Amino acid sequence: MTEEILWVNDNLLFLMDILGTFAFACSGALAGIAKRFDPVGVVVLAFVTAIGGGTLRDILIGNFPVLWLKNDIAIVVISIAAIIAMLAGKWLQKIPYILFIFDAIGLGLFTIYGIELGLKSGLSIEICIALGTITACFGGVIRDVLLNTVPLIFYHEIYVMACVAGAVLYFILGALGVHLFWTRIFSMLLIILIRIVVVKYHLSLPKFYLKR
Amino acid sequence: MTEEILWVNDNLLFLMDILGTFAFACSGALAGIAKRFDPVGVVVLAFVTAIGGGTLRDILIGNFPVLWLKNDIAIVVISIAAIIAMLAGKWLQKIPYILFIFDAIGLGLFTIYGIELGLKSGLSIEICIALGTITACFGGVIRDVLLNTVPLIFYHEIYVMACVAGAVLYFILGALGVHLFWTRIFSMLLIILIRIVVVKYHLSLPKFYLKR
Amino acid sequence: MTEEILWVNDNLLFLMDILGTFAFACSGALAGIAKRFDPVGVVVLAFVTAIGGGTLRDILIGNFPVLWLKNDIAIVVISIAAIIAMLAGKWLQKIPYILFIFDAIGLGLFTIYGIELGLKSGLSIEICIALGTITACFGGVIRDVLLNTVPLIFYHEIYVMACVAGAVLYFILGALGVHLFWTRIFSMLLIILIRIVVVKYHLSLPKFYLKR
């Protein structure tokens, strides 16, 4: 039974990992196209956006060679995403909803990945929460730095908070003895739900210090 | 006697480490507030500014997981600094002198830290001087990159030279057989002194090549 | 005979490594001078441009401490390059051809270096091609990020493609059983040749997706 769940689990994680990588790669590629980069620049930006967060995580915890060096499938998925973005960019931009969902899924998945790699390295809970958030958010930060703009996460859409909230739920459910499979699913769903609500209602954190 | 000195020494280092981290975190937080980041963005920038230099140093020498992953107190100090900056930013900006002193202390301390970690890794003297300078200066570089501005150290206030001068003094005193405690103190004091003199008299290095 | 070839080979690699490091350091220093950095800023930018790509490569594959920490000669060459650039910048800018050739040589050499370090780490061929390209191109990316501009490689001159083409040739020649010495030489020559042709005829990749 447990085996079956884990079997579902691993296939699910694998599928979502690919979806997340694909989504982040698309967002990077579309950003590069918008800046009129040449095709290679578009691929490079897609690549950096998709693997940047996980690479920084692997570097911080000392997981070498970093995962994507051992995983050709990431390069394949990212290249496909970049090519699709170049051929169908106009079309993709007309359905941002799909990309947004992919991005939210990637955000959820990469947060959980970061947490679990942190736990494997024997790091404390709050550090694991930070690691999960870095894994999910820093690909976008690097993308924005290379685009020569101030990273979006500093301004918008409770991006970081969604990851932190999901990461906290992960540890609460774990402490409650919930099965790892459901702990992962519920944490990811919370992150995705927060992102949907925030974007739908244009929520942002109060800048109370600006009133002073 | 030596024991007592080392006891003073360690407590002093610990205190100055916290002060330095606090100072760098404040400078990052205030920069984020000035750019009207949301509160999470302010915390992230404070964090990156305070731990960026040490993280790069740990990565370059292969010290994994990087120190702040093993040291929850850094996260606590940085969060407190960010919250204080958000609540009392206006007030803090009225007394830049205190922040400047903290920053100079942090600069001195992080330079010495970098040197000693380099020595522990068996690196050459000039490499250790570079490491100490990177530790002290690169948190600010990363902060400026994320703020989408050209790093201050490229233009102003003999920031890098102060660290190099202190690092060189560290090795001169060491070669003269001065006790480690006083070597650290004098090197840090030189860095702090240079920073104070430079800022007080608006000194900068001559750009001789611009005359040509 | 083979020994003799390898002897030539190693001396040649060493010479080209120094030339390449010198060239990349000059390009960084000249960029800093153009931005009116202070002398220390110029040296820092020269340093980052020359060692940035190799440092990122070492970090990704987990080669610590990164090579330049163990190699004082890099610091010496880079410092000399920066000083020459400051004293003779005007003169150097009048003969960009020399700098361009140095840069192309550096590009070729650093690509091969990255590939061979990847192979030593037991990475797959396509990953080694990526590593070689990163080694050659990312010093310039970091330089541009610090200069607060969008990295040139995203827009211009088939910079990345030249490295990829040379890297692919390296593996084709290897598969054909060509001697390592000639494999290295021909791969580097291809990269240099592509760069010369591209710059001479102002070639760039078609942005087919902009027509859509």
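For clarity, chains are labelled A, B and C in written order, and residue numbers in each chain start from 1.
What we mean here is this: contacts are C-beta pairs under 8 Å (C-beta built on N, C-alpha and C of every residue); 3 or more make two chains touch, one makes a residue touch a chain.
None of the values given here were measured: they were computed from a predicted structure.
At the interface between chain A and chain B, two copies of one sequence, fewer than half of the residue numbers in use are shared by both copies. Copies chain A and chain C of the same sequence differ by a rotation of 120 degrees once their CA atoms are superposed, given in steps of 5. We define each chain's centre as the mean of its Cα atoms; on that basis chain A and chain B are separated by 31 Å. Along chain A, residues 59, 62, 145, 148 each make contact with two or more other chains.
Contacts from chain C toward chain B in the complex involve residues 32-33, 35-42, 44-45, 55, 59, 62, 64-66, 69-70, 72, 75, 86-87, 89-90, 145-148.
Against chain C, in their complex, chain B makes its touches with residues 59-62, 121, 123-124, 126-127, 130-131, 141, 145, 148-151, 153-156, 158, 160-161, 204-210, 212.
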